[in-house]
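First subunit A sits with subunit B, and in the next complex the same chain sits with subunit C.
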Partner chain A sequence: MATTTASVSISSTDLQPGNRLSINASNRLMKTGLTTGLELMEMGNASIPVGTEFSLAEALGTADSANWVYICNTSTDDTYNTEVVINETVLGYLNAGEWLWMPWNNGDAAAEIEVQAIGGTNTLEYAIFKSAWTLPTAS
Partner chain B sequence: MATTTASISIGSDIMSYPVNINKTMTMKKLASCHGIEETSGLSNKKFTATTAVVLVLNTEGTAAKASKVYMRNTGSDKANFFYVSLNASAAASATAETIGRLHGGDWMLVPWAATAASHNIVVAPNTAEPMTIEWMVFVE
Partner chain C sequence: MAKSTASLTINSDILSSTTNFTTISTLTNAGGAVGMTQAQGLSRKTTVSTAKYSLLEADEFTANKAHKVYIKNTETSTALYFTISIGDQILGLLYGGDWGFFPWAASDGTLATFTITLTNTWASGDTLTFDGLRATSEDTTGDAFVTLIAELDYDNWTVARTSAGVATFTARSSSYTGLIEEGTDSDDWVKTSSAGVNTVARGVTAVTSVNDVKITPSTTASHTLEYMLFNE
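Now for the complex of A and B:
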């Protein structure tokens, strides 16, 4: 059984004057509702030019299951950002140097994760941890 | 200008070689070198029913900007979870766009566009057993 752990630390000394911010959390990635760890993953990096919406991850796993997504915009130009979309619904924007960590429901076949570059060609690195993974059928 | 940093560390033995991801970011305004300056503060809420609830209204953010949302299921039971979705109302599991599940101990940190009421952040527990979620919005 594989063991995957994700930890976060969020801090600021001046976001809340008089109240130093310090959040620390850690979780172990499990299969849906179970005590066994996730055993499937894919990693990669991508260069995405402006003007096209790209599919970063297709929802080819088991619907309504435990999956986790890490995406980091490794671009360095502050005017660049990447729009992150789930099934045509905009989640938010990753500025250069920013990352996200989120569960991914794989709710239906349309629940793919899409990315679109803004400002210039963005570079992304990503890792997706999955409960199940069905490869696309060969054409 | 405030400086807020978030660091992630992911370690895994899924592959035949160790996977280690470590990254620190400074939360910035959209397409800017300036840091985010506002926050909702850290909040938490205990649930004892499966009714879906709007946890964060889109009006707490600014449309199409680079706000961020942190959430964590503070429990430890992996059988119990919150659905988290972008939604105007109703059950997180069946309408609009479900992001995913936060089981006991799980956390997430995502960018948030706060575009319209359809981008309210809604949570729905899968059980009436007591369960608590904590969250914080970093607002542009």
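Now for the complex of A and C:
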């Protein structure tokens, strides 16, 4: 059984006066049902020019299943941002160098992950861990 | 400038060769030049029903900035999970021990507004009650009464004197979509006055924000999560 762990560390010495912020969390990625580790993944690197909304991940899996998404805007220009959209809802913006890690309900088209570059051609790296996934049939 | 960093480490043996990577980012305001200087939390919330809860309300924050949300299901039982949503859009499921860190646009809704205009004579001691708060006139003019009303702190509305004898009310939340009754006999305002006239007119109609961060527990058992918002 595959073992995948995701760990986060968030720290700041001066965000909260008098309180050194230190958040640490780690979880093991499990399939829906939570007895078996996730065994399916895809990783990639993408370059997205300004002006088009791109589909980063089509929701071809099962609704309400355990899936995880990592996206990092690896651009180095501070003016380059990535808008992240779930279906038609704007989730938020990743500045250059910023990343996200989130659960993903990838059951149908209403859960598609879309990205759009702001400021210039963004470079992204991403990894998607899935409970279930079938390759599309060849045309 | 404040410096906050967030790092993610993934270790996996899904592939035949081990996958390990670490990503570190400095949390900055939109534009990337200034470190993020505001935060809410770290907080905990415990739920005891399967109702959908608003964890973060978009109306309270500036839209389309570089806000980031950290959220963790602190339950040890993996059977207790939260469904995380942005408005009505389901993001995913957070099982016991799972955590997430994602950007948040905090796109605002539209806040309802209305005006109340006080005319004729308002005797000292006349009252107007709205939103659970009673205002008592100390003068005879409508404008003086409006000035007094504008200093009150209503639970669900902010208020300002916008012209002589006129106060404009703005809802604190876009989720308040009720329609205030218009006219001189508005049931939403309770008046005691022999001669004073209050006229209510609706302004902007509310549009509920579709960007609140919401959580839906999987069961009625006690579920606890912790969360923190890094915001501009």
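In the analysis below, the second predicted complex is superposed on the first by the 138 of 139 C-alpha atoms of A that agree within 3 Å, B and C clash if a C-alpha of one lies under 4 Å from a C-alpha of the other, contacts with A are read in each partner's own complex, and residues count from 1 in each chain.
What we mean here is this: contacts are C-beta pairs under 8 Å (C-beta built on N, C-alpha and C of every residue); 3 or more make two chains touch, one makes a residue touch a chain.
Computed from a prediction, not measured in an experiment: that's the story for all the values here.
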Fit or clash - subunit C, subunit B, common subunit A: clash
Partner chain(s) touched by A:Ser9 [first = subunit B, second = subunit C, both, neither]: both
Subunit B versus subunit C as contact partner of A:Asn81, first or second or both or neither: both
Which of subunit B and subunit C A:Pro136 touches, first, second, both or neither: neither
Superposed model, subunit C segment overlapping subunit B, candidates 44-52, 134-142 or 170-178: 44-52
Footprint overlap on subunit A, where subunit B in one structure and subunit C in the other make contact: 2-16, 21, 23, 25, 27-30, 34, 38-41, 43, 64, 66-68, 70, 72, 78-79, 81, 84, 86-87, 89-95, 97-105, 111, 127, 129
Touching residues (chain side subunit A, partner subunit C) in the complex: 2-16, 21, 23, 25, 27-30, 34, 38-41, 43, 64-68, 70, 72, 78-79, 81, 84, 86-105, 110-111, 127, 129
Complex interface listing, subunit A residues touching subunit B: 2-16, 21, 23, 25-30, 32-35, 38-41, 43, 64, 66-68, 70, 72, 78-81, 84, 86-87, 89-95, 97-105, 107, 111, 118-119, 127, 129
Residues of subunit C that touch subunit A when the two form their complex: 2-15, 19, 23, 25-28, 30-33, 36-37, 39, 42, 64-68, 70, 72, 78-79, 83-84, 86-87, 89-95, 97-107, 210-211, 228, 230
Complex contact set, residues of subunit B against subunit A: 2-15, 19, 21, 23, 25-28, 30-33, 36-37, 39, 41-42, 64-68, 70, 72, 78-79, 81, 83-84, 86, 93, 96-103, 105-113, 115, 118-119, 136, 138
